[in-house]
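Consider the two complexes below, in which subunit A is the common component and subunit B and subunit C are the respective partners.
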Partner chain A sequence: MNRHVKIKSARSAAQSHFRTLRLGTPFQPRIDALGLKQDWYSWAGYRAPHSLWDEELEYFAIRSQAALFDISPMTKYRIEGPDAEAYLDRVTLRDVTKLKPGRVHYTAWCDDEGFVLDDGTLFRLSSTRFRLCSQERHLPWLLDSAIGYEVSVEEETEAVAGLALQGPTSFAILRDAGFAGVERLKIFDLAEFAHDGATITISRTGFTGDLGYELFVPADKALSLWDRLMAAGELRGIRAIGYTALNRARLEAGLIVANADFTASEHAIRADRLRMPDEIGLGFMVDPEKGHFNGRRAILEARARKKLHHVLVGLEIEGNIPAEHAIVYYRKSHEVGLVSAAMWSPMAKRNIALASLQRPYGDTIVDDLWVEIYAMRELQYQKLMKKAKVVPRPFIKLDRRTANPPADF
Partner chain B sequence: MKAWDAIVIGGGHNGLVNACYLQRAGLDVLVVEKNDWVGGAATSRELTPGFLYSNCSYVCSLFRPEIMRDLELPRFGLQVISYEGGAVFTRDGDYLANYRDHDAHRREFARFSKRDAEAYDRYSRDVTRQCRFIQPLLMRTAPDPTSFRPRDLGELLYLGKKFAGLTAEEMVLTLRFWTMSISDFLDEYFETDVIKANFAISGIIGTALGPMSPGTAYVLLHHYMGEVDGSVGAWGYARGGMGSVTKALAASFKASGGTIRTGSEVDHVLIKSGKAKGVVLAGGEEIFGKLVISNADVKRTFLKLVEEKELPDIFLRRVRNFKIRGSSGKVNIALDSLPEFPALPKDSPVYRADMHFTDSIERMERAYDDWKAGRWSADPFLDMMIPTTLDPTMAPPGKHFMSCFVQYAPPKIDGREWTAADRDGFAESVISQIADYSPGFRDRIVHMEVRTPREIEAEVGLTEGNIFQGELTFDQLLFNRPVPGYAQYRSPVGGLYMCGSSTHPGGGVMGAPGRNAAAEILRDLAKPTLHMSPAHDVI
Partner chain C sequence: MTSSDLNWDAIVIGGGHNGLVAAATLARSGRKVLLLEAGNEIGGAARTEEFAPGFRVSAVAHLLNRLHPDVMKTLELERHGLKVERGDFVPSVALSKDGPLVLHGAYGEVLTGASPSEQSAWKELRAQLLRYAGILKPFLSRRPPDLGGMSLAEMTGLGQTALALKKLGKEDMRDFLRLLLMNVYDLLDEQLSDDRLKGLLAFDATLGSHLGPRSPTSLLGLYYRLAGEIGGLAGAQIQPKGGMGAVVDAIRSAAEKAGVMIRPVSPVAKVIVEKGHAVGVVTQKGETLRARTVVSAINPATTILDLVGPREVDTGFLRKVKNIRMKGDAAKLHLALDRPPQFTGVDAAGHKGRLVIAPSPDHVECAFNPSKYGEFSPEPVMEITLPSLADQSLAPSGACVLSAVVQYAPYALKQGWTAGKPHFLKAIMAQLEAYAPGIGATVRHAELLTPADIEARYRMPGGHWHHGELQADQMLMSRPVSGWSGYDTPLEGLFLAGAGSHPGGGISGAPGLNAARRIIAMRA
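Our next item is the complex of A and B:
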């Protein structure tokens, strides 16, 4: 092939994406084989399963055995360079100098007005190399913020595949799969392991509030990793799951999702939908001691002037009917907020919810809160006014999540 | 002799919208139209057997859904269909497509720049915020800031409140947006030439400005604030061509008892003691009416149809200086088969989208340089589409109608009138550009209609062929459109109103000027306006 023809065929391959509006992830052949329900949704343009065979049973796989969930569509940035630490310290809320190599932390980042752009996890792979994972895409913001720093920012979503292995037997599966040393990982630790001639990253992290791990693998080694885990997990009850089950687990763990529990600032068309970290329960991340970071001035000013209008709370609601997207009232009449996620928690045996309330409700006024549930039953709304109590998150706390060494089921 | 309650001069979409609302309010309304057909610049014409041409306006988005509903236009045959996105062909044999699917759109942009691909969300958020600010103003009469009438104060307060409701950041952006060039605006978001060229298109269409001229960012907004059935910013085809819009309006008008006289060119407005009394046709026939409403642009209305002595000096001077400059032309082509574009995969949805060949802002600006020098652009900007890929009613199966909107075309060539030879040279610049990207294109042409500003003015009556009846620059918007002090559809002549695109909120097949003018007229007559839906909520 001459050079011209080569360029042309590379170009037409790149153009051809319009024929596949929902891409497969590197794990797609395995997921398709298990997707008995063919129940897909679009996760950032990828064909992702709502549920593979039974969303209830998929949830119980997380809590009783081990569940394998494809997180490849998550946006990933590789951030590298001598100034990477200082740069990320400037971009994100938490103190990155306290994040040691081999550690992960959950963080968030804001625009200059102090409004949350996104939350995500920051993996420190070495002293000068990081991986930032998030729901939304931020390349222009990350590149603009990098001006003046010796750091490179590269989007690597397609190059790196990811799996979450979550549940009580997840440790035993990794050990049985031959990842020697994985028992040394404490919660939020990460380490590199050999796999199929490549290096993969395993971290003791997850989105379920359970014992669990996340694995990042070069895309071309994804299938062999899947097979390795499935083989090792066969006797430990490993099951692949879809998002509905994971979403239940994350709600029990009290974790929030961008653009579900709050509107990310680059998506907020209506100015009153913007949220500062303190308004979505992420105030704990803000480190005023660490020096300048994006949004610092605005956040501190809003705190000083008491201009934080909202608060995100966990609610426990009487009864067992999920209060999804219910309006929250004070004294049954005064509207004070909205439930963004709700479910009956099988682990807590309580009716739980996340809600955004207008301060002072949920902040200093926490009594006499009610939710109005519209339960559609055979083409009729059964309207229920139920008492709601503000409770701390997470809604469940599992010792096995943090136990060392991790339990060997 | 019969005196009509109202005579509308010109059967364009705004004239017909206005006439419909007045007729439905119980007035006895006559529309007089100089051509043998109605439609103005929203027509479908069979200029060669079997092919319908949308030979002026060619796409639909701005037309207000409130009007479609009030006037029952679907009942009279109006159907608007969304089309795919669009594409800009690049000179190196590639193209940049705009896909409707958000992620496909991002992936396509990422072929050129990963950064630009991820910048789109913020761009789209910011532009949407500006649209939401502007949209509610479309269906309201602009306030007169010099008046102390409670209504004007109320409207000013509304405007002020809306502005004050913006965050500081948005306010800054709004002011920048209304005054910036589209090129500077896009530089704040994107880095890639072809991506910026792709978005700049909406900033120059119909405007005698280049992408680097201040004020073009607003023009982009004007093209973004329409919708197809709630999908804001989307564009569609009127099934059967743009004439379907005015055909439906005319049918609605007649069904409610209105009268249309085609082939009746108005020579002048009959004015007695400073009051309009009717119109005099070119043949000398006098038609009497209690009110006269002109759908013609403000220059044609007051410099040709009204005697100068009837008008105040300052008004006249401002009308003369109103910017309504010819900047575009149109080439309408009947094709005996679908053209091929080797750069495009055969199954690409882009065939059903708008297509462009100007892949940088620099090239657009150079095309504008030719306009300034009094020439048509040697390397023109084309907004080209083939509606028959989605609309089976406009050409026989397998055959196609292609619409090419062309910029820039000056109102005069080197200061003299256009000649037939100029027109052919202009057409050749268009055809040769298309043929560069579509081998064998010339052989597919069955028939072609070429319209320079000269032809558009002669047939449609738009001064200089300006599609918006006046530039959409900030000095000619809101309470300054068309002339300060006369932005509420009334004129210095009693009983003479304006309802064309020269008035707020401006051009495009929107209908809002016609509707707003009807509301003012009915207010003056103390008639109810219950048959006029309020503007749809923007929530």
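Our next item is the complex of A and C:
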């Protein structure tokens, strides 16, 4: 009898993870306290806020003050070894030999068929140590790719917490918090700083198109970092925000999100949903001159044989009704694509959208494009056929994002 | 540019019979071809080698039963000394304590030693097996269907297969489809009753693969065997005079006549890759040789993992290559005997044939079982030839050579082959003694090649003579890996031409010929 109880309790201890359907991040105590709306979603298994107290004000915190956003659920890999550079050069699209220590670049990686597995940011922490951040998990792929290289690949998503501090006053907050030397960081620079007896990494990067920084901290020092920033930012309008606000800012910046604006190749069930870099606006990353990289043969062949069927474009749509998930037409009748993200942009004062179109539409044929917006008005759709114009991305360009030294707002 | 880095049209890596066939075929199309062989001798696993003073034997492959007629024709091998006549066909003898049963001619055109009812059942089954193997036969000399995009010729080829199926008639076509992935054990149980005959067929179906007769799809092995032909007859077999090395000599002579430059003792260290193109090789001696086309007739995994290197290919492809199953399960025994052995109840003609110890399908299955768990068969099954009876040049006067393929001998033996080999040899000798009493006392020298030995000596990873298990999931468009079954590779200018490619192993020359044809068609 006793034995039975013992086994049962040991088992439930070992299996208790299933009782926590959504994990908390190291910042959860602070976010829970601020999450007045209790509006959660699951970000890679973590409990993340859509919005904490007011979507609109959270968005304007990014653009007018400073916004603090918990990026801990982002997948993070520590990649280290004498062959780390060569390894990442083979796995990812861009030329990693050109990425100097202390720099970050936005990149993507593909499978053998040249279809995008994910996009993400690559941080070069030293000549032999990198951090790769992404939306999806890729450990088996990264490990199999490591065959033949002297390199170790370790997932550090749980061990390392992350914060994005974005907005005009973000620099001043970091300076006031005592991170001496942070003024020297140019866009896409990174450096290490002391915090609470540990070392944290601060990079001048972000997902908002604004002046901003990302901070990576050992999980056990996460709360003290949060408190330090909140205290330093009190008079500069620092606010914790949720994903809805960030999603608006990233759309204005023209940035894409895996599995929102394109389907990552390991997720796609339907063969025509797979996308090559050129089909989602990432063709600029492909470097045929560097050494071999995954998908090279397929991508170059698709280019040579003109087998690229899609294109991702920025649209400006007449009116002010967001065209989210609207169908795009040519001459109001011929279906040519779909809007994946859309909003009225308070910064651009334009009705903007990202859309995937079937070439040649959006590529060589850019005139006479329309979107059909279904606007629900008291249980009835008002169908609006609105003119759409292909426009360059980003939709907004803020000088403060790249200004040196960063402005003291 | 010095004369040593002279440019070749094609460099063929590996002087096994497939490498020679590919080289010869390419040279006959007007290409300047260099063949590099790592060992001192060409021929690979089809060499004739001296294993004891005065005793010579076919090294791994000892029976010729599937040299493809297109290879014979394309390379005019008859003119180069390889003649196959009906009189050369040797019988298969199923040894048994109840007295032997003999399949004469081309795979038992006549069966002796069985009851009249069994004879008529065999006649029917044999016809059926040959009919069905015949449907699959055209695939041997073609690229596997390319699911990505088929040419008109490939479509026509598939269409012909569909037509051949249709011609079988409704009932027969249904039966063909029913049997295709069946295990050989159940089929034999359905159609035959004589354990000796069933044992022989069960042995043949599983020879060279990690399958027992009861393993699903084991019948495919028998189809593969019967899709082969020699001297124009499906299922026939001969023991080439001079051993398998004589076959290699004929192909070599054809290759040299066509202008192939053959260089032994030239192991290749790497394939040079520039921007996704294979442009040549570097030998282990450090010599750089450049060519428009590089043909690798060695193991596909060795080619990609060692010569090309994982960095030059995509991760998905690398995964597939690493996952090719190729752990051999067969050993090769060579005995130098003081005098010819006497197998009980077997006549003189039978001794010159293929003697099979596989007394029943259950016996074969029981022999297979331990190999699943890393142990050799305590009562192994085997096919035995006594090549010196027909060709006295292979042994000193009065003495005799015994050559046997023995199953099952798992590559990854749990106790390791250093420790296990003497025990396995003992088990084999006990089996032989039971069927040829007194043989043990006449052994002057015994050489047992375990899969580990075969791997080291013949550069066959896993000691697998097919260079990759020949099972349904590694056949046709999945051989050597799915997506790259048509002899080309993700590297432009690099082709695979060995047994690891479709259709598979055995002395057929088909992979080499098909690869060469592919290269010629691409550049035409």
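By our rule, the second predicted complex is superposed on the first by the 395 of 409 C-alpha atoms of A that agree within 3 Å, B and C clash if a C-alpha of one lies under 4 Å from a C-alpha of the other, contacts with A are read in each partner's own complex, and residues count from 1 in each chain.
In this section, a residue touches a chain if its C-beta (ideal position, glycine included) is under 8 Å from a C-beta of that chain, and two chains touch if they have at least 3 such contacts.
These numbers were taken from a predicted model, which means no experiment stands behind them.
Visitor: Between subunit B and subunit C, whom does A:18 touch in the aligned arrangement: first, second, both, or neither?
Guide: In the superposed model, A:18 contacts subunit B only, not subunit C.
Visitor: Just checking: does A:267 make contact with subunit B only, subunit C only, both, or neither of them? Give me first, second, both or neither.
Guide: In the superposed model, A:267 contacts subunit B only, not subunit C.
Visitor: Would you mind checking which one, subunit B or subunit C, touches more residues on subunit A?
Guide: Per-residue touch count on subunit A favours B.
Visitor: Should A:149 be classified as contacting the first partner (subunit B), the second (subunit C), both, or neither?
Guide: second
Visitor: Contact-wise, after the overlay, does A:305 reach subunit B, subunit C, both or neither (first, second, both, neither)?
Guide: After superposition on chain A, A:305 lies in contact with neither partner.
Visitor: What is the contact status of A:349 with respect to subunit B (first) and subunit C (second): first, second, both, or neither?
Guide: Touch status of A:349: no partner.
Visitor: What is the contact status of A:383 with respect to subunit B (first) and subunit C (second): first, second, both, or neither?
Guide: Neither partner.
Visitor: Once the structures are superposed on A, label A:138 by its partner contacts, choosing first (subunit B), second (subunit C), both or neither.
Guide: First partner only.
Visitor: Scan A:44 for contacts with subunit B and subunit C and give back first, second, both or neither.
Guide: first
Visitor: Looking at subunit A, which of its residues have contacts with both subunit B and subunit C?
Guide: Shared contact residues on subunit A (touching subunit B in one complex, subunit C in the other): 113.
Visitor: Within the complex, which stretch of subunit B touches subunit A?
Guide: Spelled out, the residues of subunit B in touch with subunit A are 93-95, 97, 99, 101-104, 106-108, 111, 114-119, 121-122, 125, 128-129, 132, 166-167, 169-170, 189, 345, 347-349.
Visitor: Quick one: which bits of subunit A touch subunit C in the complex? Just the residue numbers, please.
Guide: 86, 90-91, 111-113, 141, 144-145, 147-149, 288, 291-292, 294-297, 300
Visitor: Show which residues of subunit A lie in contact with subunit B when the two form their complex.
Guide: 8, 11-12, 14-19, 21-22, 42, 44-45, 113, 136-140, 143, 155, 266-269, 271
Visitor: Which of the residues in subunit C come into contact with subunit A in the complex?
Guide: Residues 273, 275-276, 305, 309-319, 322, 483, 490, 492 of subunit C touch subunit A in their complex.
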